[in-house]
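These notes are about the structure you will find just below.
Labels run A, B and C following the written order; every chain starts at residue 1.
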Amino acid sequence: MKKVMIGNHAVSWGVLRSRVEVISAYPITPQTQIVEALSDMVADGSLPARYIKVESEHSAMAACIGASIVGTRTFTATSSQGLALMHEMLHWAAGGRHPVVMANVNRAMAPGWNIWTDQNDSLSQRDTGWIQLYCETNQEVFDTTIQAFKLAEKVDLPVMLLLDAFFLSHTSEPVDVTEQEDVDRFLPRREAVYKMDTKDPHAFGALVRPDAYTEIRWQQQEAMHEARDVFRRVEDDWEAITGRRYGAVEAYRTEDADLLLVTSGTITSTARHVVDERRAGGDKVGLIKVKMFRPFPTDELRALLGGVDRVAVLDRNISPGHGGIFAEEIRSALYDVPPEDRPILFGYVLGLGGRDVTPTVIDDIIDNTRTKARPEREDLWVGVEL
Amino acid sequence: MSERDLTRPHETGRRIPPVAISETSTLVNQTGSWKYIMPRYQDGVAPCNAGCPVGIDIEGYMYLIGQGRLQDAADLLIRENPMPAVTGRVCHHPCEDSCNRASLDEAVAIHSVERRLGDMILAAPPPPAPERTRTETVAVIGSGPAGLSCACFLARFGYGVTVFEAAPEAGGMLRLGIPEYRLPRAILDRQIERIEAEGIEIRISTRIGTDVPWAVLDGFDAVFVAPGAHMGKDSRIEGAEGVPEIRPGLEFLKEVNAGGRPELGDHVIVVGGGNTAMDCARSALRLGADVTVLYRRTPREMPAIPQEARETKEEGVKFEFLAAPTAVEMEDGEFVGITCQRMELGPPDDSGRRRPVPIEGDVFSMKADTVLTAIGEDCDLSFLPDEVRTNWGLVEVEALGESTSAPVFAGGDAVDLPRSVADALGAGKRAAIGIDHYLRKEAGEDVGEVPLDDLRFAGGNVSAMRYAKDEDPIPREAPVNDVVTWDQMNPHHYRSVPRHEDHFHAGIDLRSAFGETNFGLSQKEAIEEAERCLNCGVCNRCELCLIFCPDMAISRREDGGFEIDMRYCKGCGLCAAECPRGAIVMTREGM
Amino acid sequence: MSQTIIKQHIPRDDLLASGHLACPGCAAPIAMNLVLKALGPETMVVLPACCWSIIAGPWPQSSLRVPLYHTAFETAAAVASGIKAGLQSRGDTETTVIAWAGDGGTFDIGLQALSGAAERNEDFIYFCYDNEAYMNTGIQRSSATPWGAWTTTTPTSDPEHQPKKDIMAIMAAHRIPYAATASVAYPVDLVQKVEKARTIRGTRFIHILAPCPPGWKTQNDETIDLARMAVERRIFPLLEVENGGEWRFTVDHPGGPVEPYLRRQARFRHLNEVQVEHIQREVDARWKILSNRVKHGT
């Protein structure tokens, strides 16, 4: 069934198809259509879930954790400040191994107030232990929402799916909405291993002393590592049903390229267009789309970027005092590539607070990357006008 | 450098789950090691038990009633007190004066509960007489409360007992001195029958020294002397000698109690403030007289049981305090009244009461047709052999009734004791123990000394059960022989419940009514009254300790008691602080 | 019967195990045990940061014989909402969900989540065991700390100068179906309130005063007596509020001077007569307000 819908509704449809049992959310622009549509679905009975209309994002995540520990499939959605408020409970969800799924509409952090897209909200939550999946299109948003539940429940880790404010959240695109019976084949009802049960009472989350804390964290990390393979299998299953797959990392026209762009989110579509134009002109430019940020696809990126001359990483985010966050992570991943295969890496910071990243900007970046011998600093800010 | 690969997880067999999920309870933590003091269940003695001159486990029978075990309660009572139907009616119940409950609201009406149990016992057929296990025999002189008590316990100890009674009926002062309206004869008769049924022979109309010689006692292995005090003291009213209208009160009572209905005239004066005076006054009232009690001190100093004094007053007897008779007044050779001296209270005398002193010149006359003097009685001990030493008209005895001449023992009003039924019963019990101990020793048994302090209820009278090492029907935890005082208890767990007062025959014309006026309590009321008992010092399984123990360290044992698991008790002391009965103590012992 | 034969009113089975890590004489485990006795094994407990996080035992232990979720300080009411929603979505309408928080987690950091849940009338019982300061972290003041009290953040040179927050009025203002105060010194009253709360649907709130020997600076064996005194002297009256409007006292409060209550706690030792008098006036004034609420229903 094909429907034209905004990205936010693609999330809602993904949640509906996933037969989520408990939703707990608090409104924030530009996430609101997700929860509005879910409210309608719950109200009209098409989604037989309990929807807790909490008084804050902190409580939204806390309530999801509560619902999750009794074994149910839970979902929330937020953005920016709301995600930041959840921070403490993001650790709790991950450390408690609760497979909560959350959609975060990437929006810049205040102050000053800004409702437009950038990734600093979600990347600030890098070390909370959540799997992060960045989407490029509304179809990918729909597909990833459903995949996220399967992934989360297989590895008992929470999953955050990300979509750019307005460019996806409020932009209509055709979405092939997978039929319910197909989704049901893909995603059965959740059967939790560890859950609160009066017939088998246990305490969860008590004080863990130094003699065991490391071992519990080790297992959490092992689950993160395992998530890479699990995601691959999840995509296999989904592809078998829908014919669609995205990959943790997507290589686009990278064959014999001497320069690769690295992007995430909607900038990817723009970059795709520029790559097509350049290729048409004989320029050996390719594109790497990073969908999975945590766990970080280190091996894939090493394989794809090793041996390439130059790499331009486009970061719609900034780690103040360092650089673009994808760039820093990729730079770190490439350290173990043999020195002769290490590309020269240019880390561009751009598009903050929703500033447009046009094909012209990307063209300029390609040119800059080709012409400079080396980057003059680790963070190359694009288009700053003082 | 270890041989282990530093960064490869090392398999040690530890089972660590992926999340912090519990796998065991906190029982693995022996938090009891934190404590420096520890609680212990330790039952003490209720003050009523210590205050009872008979030596009754009052708290014990209250406990059993509280458990619904009425028959067990009655059994426990009769084992320490052979005549509860009597004491429940006429005892001055000092137990109630010492009752801790008075600090909360009002003392438990112990006498009413005892009376109910006593009547219950009398309503049932007596049990078979105790087995005669001893070859020795004992003579008891006097069948009053002291004599019958001693005889009864001796029979239970296995001896053959013969009681010699001077009067034609047994009972001593219970029959001769106490009016029927306080102690119906049917009750007294049945109580005595029940005691006889324990295997005692009573020889009536047999006064030692008169009807039979002292030598008749030579055939017995021991003698208990309890003849009572039957000789009225001289009234010291000038000109009273030979005036028939001035009579000893006790003699009057004996006549009335034997069924006589003497003519007293319209106006009767009773001189004295004790129980005999009250009995005289109320008996005179019942013979139709207008009665005035003349007492030389104030109501506060009256030795009569307050309840008796109150009932006397309620029945219409008038009281003239701070007045003493000095002389007979005659008119034309006829007795018309007495001259009285007005008194005032001076400094205290030897008894601690303020001594009455005459107010110079303040005299007045009182009209009277009869004057009954009730200012005390003496004992006739003329029948005793000289070796039995007396002092101020009383037999000299040791704690267990031993006179100066073995094997003679004495008790009751004939020794230096408060003159009450309870004290007489208690003296009889002590003497029975003394005689048993003496005879066993004489028989060559290695009996050592009588552990008198251990036999007493915390310094009160002795327990026959403790002496006989009978099984205690009440489970007691590590009992100690100390009274539990109100400040050792936690008053907050009790709420105020009014005391059940005895029912009185109301609205009858007392004149000529010698029937019982006090009907006591119904069975239901008596049980409710028993449930007012706080069980001072004795764990009654209320389980507050279980509820207030923060460490769940207290558990129920199979036998109904409790166990404190010292592996977990942190020694906070809340159980001891909150125990309503003071039955838990904190101690360093065993730490 | 003259004695409160309370064992007849209190279920026998303990759902709390020995070996828990409460300080000697702590009221909090007494309260928990009574509550769980009243609720029975079909109960799930949410426990935010508080003394009870320790009392429940470190991993891999649990002192409770019912399921327990340790959660972040401010989230008890939200997690309880989620657990209940999860159970409901799987068709379990019988299990009782309770939040069990200290005064800090209730009066202060957890108040927002509690207010949110109460306003939504979430179906759980929220218990606040109130020891009147942040005891687990070492006796710092909270908004439940009474006026005049010493804590490690209100030194005797500048003791607590705000009155205790009126949490019952706050909860009543949410018009939840049932709110009550309870005391470990009145176990029957406490158990009856919990049993009553269990039969009601929606948000129920029960506030239990829990004297703390190390924090109040009292002897270990005074816990119950102080809790009782607080009730008797009207410092912590025992009451119920139904639907936010029907206020009712559940025990007698004979009254009497507050001074003996204060003097037995070294946290009040520095108070002079004027300050004690001030507390007395406050207690009297609060009692008047409460009595009016009881009389007039609001």
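Note that contacts are C-beta pairs under 8 Å (C-beta built on N, C-alpha and C of every residue); 3 or more make two chains touch, one makes a residue touch a chain.
Note that the coordinates shown come from a computational prediction; the quantities given were computed from them, not determined experimentally.
Participant: Please work out which of A-B and B-C is bridged by more C-beta pairs in contact, and write that pair.
Facilitator: Answer to which pair has more contacts is B-C.
Participant: By C-alpha centroid distance to the whole-protein centroid, which chain wins?
Facilitator: Most central by this criterion: C.
Participant: Just the number, please: Cα centre separation of chain A and chain C in whole Å.
Facilitator: Going by mean C-alpha positions, chain A sits 43 Å from chain C.
Participant: Hey, how far is the Cα centre of chain A from the one of chain B, in Å?
Facilitator: Averaging C-alpha atoms per chain gives centres 90 Å apart.
Participant: Where the centres are mean C-alpha positions, what is the separation of chain B from chain C, in Å?
Facilitator: 50
Participant: Considering chain A alone, which of its residues make contact with at least two other chains?
Facilitator: Touching at least two other chains: 202-206, 208, 212.
Participant: Show the residues in chain C shared as contacts by 2 or more other chains, in ascending order.
Facilitator: 56-57, 59-62, 65, 68, 70
Participant: At which residue positions does chain B touch at least two other chains?
Facilitator: Residues 20-23.
Participant: Can you name the residues of chain B that touch chain A in the complex?
Facilitator: Where chain B meets chain A, its residues are 9, 14, 16-23.
Participant: What part of chain A is in contact with chain B in the complex they form?
Facilitator: So the residues of chain A touching chain B come out as 95-97, 156, 194, 202-206, 208, 212, 215-216, 218-220, 223.
Participant: So in the complex, which bits of chain A are touching chain C?
Facilitator: These residues of chain A touch chain C: 21-22, 24, 48-50, 52-56, 58-60, 62-72, 74, 88-89, 92, 196-198, 201-209, 212.
Participant: Help me check something: in the complex, which residues belonging to chain C touch chain B?
Facilitator: Result: residues 1-7, 10, 14, 16-30, 33-34, 56-57, 59-63, 65, 68, 70, 184-185, 187, 213, 219-225, 228 of chain C touch chain B.
Participant: Under the stated contact criterion, what part of chain B meets chain C in this complex?
Facilitator: For this pair, the touching residues of chain B are 20-31, 34-35, 101, 492-497, 528, 531-532, 534, 541-544, 546-553, 565, 567-568, 570-574, 576-578, 580, 586.
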